[in-house]
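Some structures are shown below for you to check.
Below are two complexes that have chain A in common, paired first with chain B and then with chain C.
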Partner chain A sequence: MLTPGVLIVLLFSIFPLFFTLMLMFGQVIFSEGKMLIKFAGLANWQRLLQDQRFWNAVLVTLKIVVIAVTAEYVLGLILASLLYQRPFGSGFFRVLYVIPMLLTPIAVGYTWRMILDVGRGPIAGLLKRAGLSPVGWLTDPHVALYSIVLIDVWQWTPFMFLLLYAGLEAIPKDYLEAAEVDGASGWKKFIYVIMPLLAPSSIAAFLLRTIECFKIVDIIYITTGGGPGQATESLTLFGYNVGFRTFDLAYGATIAFSLFFMVLIAAMFFTILTRSLRGIRLE
Partner chain B sequence: MSTKTIRQGLRFLRLGSIYCFLIAWSFVVIAPLFWLITTSFKDKLDVYLGPKFIPWLDFRPTSKWWVRIFTIEKDTLLKPYANSLIIGSISALCSTLLGLAASYALTRFCFKFFFMKNDDIIFWFVSQRIMPPIIIVFAIYSMYQTLGLLDNHLGLILVYTAFNLPLSVWILSNFLSQLPRSIEEAALVDGAGPLTILFHIVIPMLSPSLTATFLLCFVFAWNDFLFALILTFSRAQTMPILIAAQHFQRGPQWWDISALSVLAVLPPVIITIALQKYFIKGLIPIGK
Partner chain C sequence: MRRLAVIVGLVVLVVVSGLAARKFEGVTITVFTQPPPYIAKPVMMFAPDWEKTTGARVNLITAPWGELYTKMYASFSMGVAAYDIVIFPAAWLPDFAAAGFLVPLDDFIANDPYIQWDDILPVYRERIVSWEGKIYAVPLDGDCHIFYYRKDALENPEYQAKFKEKYGYDLPVPPKTWKQVRDIAEFFNGWDWDGDGEIEYGVVEPRRYAGQADWCFFSRAVGYVALPGQPGGLFFDPETMEPRINSPGHVRALEDYVEIIKYGVPGMINMDSGEIRSIFAAGLAAMAIDWGDIGVISETGEESTVRGKVGYAVLPGSDEVWNFAKGQWVKLPEPNQAGYLAFGGWVAGIAHNSQHKEAAYDFISYLSRPENSYVSVTTSETGFNPYRYSHFEKLSGWIGMGFSPEAAEAYLKAIKDTIGHPNVQPDLRIPGQARYFEAVDRALSRVVAGELSPKAALDEVAQIWNQITDSLGRDKQLLYYRLSLGLPPK
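Take a look at the complex of A and B:
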């Protein structure tokens, strides 16, 4: 029963991984309609490390990940702890808040492209009515990156909210009652009782969201296409452009692998954090 | 003022600020969707002459773009929709069934591949999700080129099945390990084989999470952009690719693309509402 699942993963994840690994150390030559791979040593890596565009993409991706994931965590935590108090209508708010997460990113990117449009967008219109000068949300190289972050936060705060809300629900009620008996105020209860108990779900949420955020491509592809210039070109988009626009598969594979390493390091960091946290608890 | 009124005042203040925040965020969630939907009902001039906000007050809604999509452009526009539905549902069904088979085996029997035991194998499945799609897409592209699977429904179905399998194994193995073992043991004592137990006991008990897994896998396949962008050209084109192509070919024809986006967003919204009762308890098992 295990075999079909293992086979499909081997065929579609492990084999491609090794193929990409091979591409990384080679050079692709097309001759007579056939694709040949010639060994080229570390040439691709040498080129990568000297490529200004690569370092730009690394910086863009890291900036988006750090700012967006942090903002999503803070907003998700606020929303989760507000709904945790069960105000009237919390069932309705809960469903509403989850919706953006499951929407097609292409449609989301497109919607925001309309909203942030300099000439015909609603935000530009409101700014104009208020007598302010328009901002090139997606065309100004200093602003475009933050617009991408804004869209990512809009779409993915629901994910953080969902995980943190589930984490809050899982906290045993007697802990909170005990704190109340000891006379802890609302804030003290939150900082000294809830937050430490929420740490495992917080780390899990950070881990999952960071992994996914590193792969960001579709929203950028639709809203800015990586521009203006290369101001919003993420690593996945860079890899796609190199691999499938200029058809330099070997170099594209090298870029993809560098992204993989970064995701792996991030994932390991959070996993170790979880382990050490568990260790503290056992003592 | 007595302390009682102060306390009451504070409570009102607290409740008021909670609602302020909740309503503000509701606005943030709804406003972009409102803009998307209204734009699909705007005439060309209403789009070009700057932002118009409220239907009937600022502009007169028109349904002509919607009519056009379902009449003149039916073939070009609705074929990708059908593609997305077919590819999404078949691949979601495959990943759910494969995930069920794998997680049932992994939670009920003991395995050992070299140093890997059951928990390690589950982790191995789930960890596939760490890999960025861009890294495997190069190999799959070359593989499909030789196999003739480019721009093919089957090709995309296979990729999405593999891509969603980690998710399916994660959710289902968590649920399977939480199911009370006693019922299955009772059936075993009564002489039922493992397959009878799976079909007559486990699957009925698991049906809510199987539904949830199926719908979630469907949404992820439906929403995917990168694989479809690279692996399809025309015949097997999916909805997100159609929207992106329209956008780049026709320029800012906002009304058309908005209507298509509404169509693309519809299934996920319906699924979110259908899934709401699974959302908190169960769909996302925390820790382990």
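Take a look at the complex of A and C:
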């Protein structure tokens, strides 16, 4: 009974994983119509650690992850808290808020590329009418990365909102009523009751978004292509460019694995955090 | 009843005999290229007729531009007989031919009464599709960069007078040097010179990484480094395989490449070649560099606002050219306007492990024969530009497409003058071309972003080029480079 499942896992997960591992310690040579993999030891890793482009991609990726995921969490929490109070039209807004995450990143990328176009975009038009200078949202090396963050936040805040809203809904009402009886203000209730109880949902949301955000490629590919210069080249895009534009498969595999290790470290951090928070109890 | 049976029998006989006569009945050939419309469109246009005639079927598979090379190479190298025909950029032919991935086509061509091989311009039939003396592909497209300008702007007497007043010389139409292009771009930048109520700009050229900006750079470099009679000026020293990419000529071209952005359409540094075509056809720029596509889109596109207003010319150049042998600038009496066969065009080859080589060749021949290729090059969004003598001789197709007779003549003349220029420079045609060009593309994008100076960036490219050459075998690469220039082995 297990055979088809095992085969599928072997075929689509284990085999590519081992093949990538093999590439990481090898050199791919195309010669006389054949693809040969020669053992190269740690040469690819040595090259990676000395590669300025790699460190730039690491920094770009980390900046995007830290800023975007934090902003998504804060905005998601605000939206979830607002709707948790059941204002008028909350059902409508609940649906409205999740629409961006239902769109494909490619469509989102193209849409934002038009919106942020420095010459013909609507924002440029508004700035011009207001007598302000145009901003190179996607063409200024100092601004482009933050535009990518903006787009990611726009698309993925709904994901945070959904998880945190579900977390809020799961908090037993008794706790909140007890806090009210004890005379806790709205702010104190939020800090001392809601936030601790929301911690597991928060960590799950942070973990999932962090893993996804580390792999960011599609929005960048469409909006800036990694530019200007190297200003927005994430690790995944770097790996893609190396593997698919220059066909340097071994180095591309090494880049992919470096990303894997970074994601692994992030996941371990959140796992440890979750364990340490297990002890939290309401006082 | 008997009469009816006879009639039915005859009909069946006619149908069956008709089907039996079809030479590739039941064969399916797989064609691999980039997604439609560009390049795949002619396959889709001609496949139904060819299928009807031959009984074969055409299965079209596509991959985005960025993945095309890798998918082709992976399929070939792993021995997967995934494709019968591959339609690919001519620059990749050395990679594929040297590795034995493609079938030599000399015998097929020699026995083909329809292809009219001599009708194809010599530069395409002799240099672009051959490798070590054998033909490995059939040209489907003739590619070179030409220069575009707005006649209504540059030929306007009022603007010409103002230009002369400002720069102290007559506004040259068309410009012959990149220095003149710079001045004209500055002059026409940032004001409404066509009276449509919108602001227009000096130039539009691609500057985006992976947006074909690297070809634009070499188009700007060719006039500075391709000294007439000096082989191999653009890429390597043909004696030593030392990169020439960081020569003073290349550096000056890169300085121009960066400076002109000031006079370009806003956001130009994020534009690829597809976008600059729409921008030019929308009437936003006075000048542009492109393959033949801007001409077609401007003169025939429904959205074009510049129909009949476009001038066509060979690429500008420079009256100072870098002499590699002497290591100094040489002043020429006339600007060096050497053409550049950027990209070299799309060609069709047959995979070495194809099970249907004859059918595959028959379809390639059908696509390339004069009457069909004429339809391809005179249909918009095929991405194919003229490459046969017959494409330049008959204007009816171009006029039917939407060109005026004058525009068609001027457009074809610019292409023909470029291809036929005695100092026309071929694109890089050696194994590893994609890697060499990616290094340039990366450096260009960093210079444009202000991360590196032109000299530092090109020095870095030279270093990477040496590493690539060493990894592929310096002697072998030198041999291939010399062969690609038509030089004998050392």
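Just so it is clear, the second predicted complex is superposed on the first by the 272 of 283 C-alpha atoms of A that agree within 3 Å, B and C clash if a C-alpha of one lies under 4 Å from a C-alpha of the other, contacts with A are read in each partner's own complex, and residues count from 1 in each chain.
One rule holds for everything that comes next: a residue touches a chain if its C-beta (ideal position, glycine included) is under 8 Å from a C-beta of that chain, and two chains touch if they have at least 3 such contacts.
Just so it is clear, the model here is predicted, and its values are computed rather than measured.
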item: Touched partner set for A:Pro141, first chain B, second chain C, both or neither; value: second
item: First, second, both or neither for A:Val118, with chain B first and chain C second; value: second
item: Which of chain B and chain C A:Gly243 touches, first, second, both or neither; value: both
item: Contacts of A:Phe15 with chain B and chain C, given as first, second, both or neither; value: first
item: First, second, both or neither for A:Gly227, with chain B first and chain C second; value: second
item: Which of chain B and chain C A:Val74 touches, first, second, both or neither; value: neither
item: Dominant contact partner of chain A by residue count, chain C or chain B; value: B
item: Chain A residues contacted in one complex by chain B, in the other by chain C; value: 35, 119-120, 124, 243-244
item: Interfacial residue positions of chain A with respect to chain C in the complex; value: 30-35, 117-120, 124, 134, 136, 138-139, 141, 224-231, 241, 243-248
item: Chain C - residues contacting chain A, complex; value: 66-67, 69-70, 73-74, 76-78, 95, 99-101, 208-211, 265-267, 269-270, 272, 352, 434-435, 438, 445-451
item: Of chain B, residues touching chain A in the complex; value: 15, 18-19, 21-22, 25-26, 28-30, 32-33, 35-36, 39, 47-48, 50-51, 53, 98-99, 101-102, 104-106, 111, 121, 125, 128-143, 145, 158-159, 161-163, 165, 169, 219, 222-223, 225-226, 229-230, 239-240, 243-244, 247, 254, 257-258, 261-262, 264-265, 268-269, 271-273, 276, 279-281, 284, 286-287
item: Touching residues (chain side chain A, partner chain B) in the complex; value: 1-2, 4-6, 8-9, 11-13, 15-17, 19-20, 23, 35, 75, 78-79, 82-83, 85, 87, 91, 93-100, 102-108, 110-112, 114-115, 119-122, 124-126, 154, 162-163, 165-167, 169-170, 200-201, 204, 211, 214-215, 217-218, 221-222, 235-236, 239-240, 243-244, 249, 252-253, 255-257, 259-260, 263-264, 267
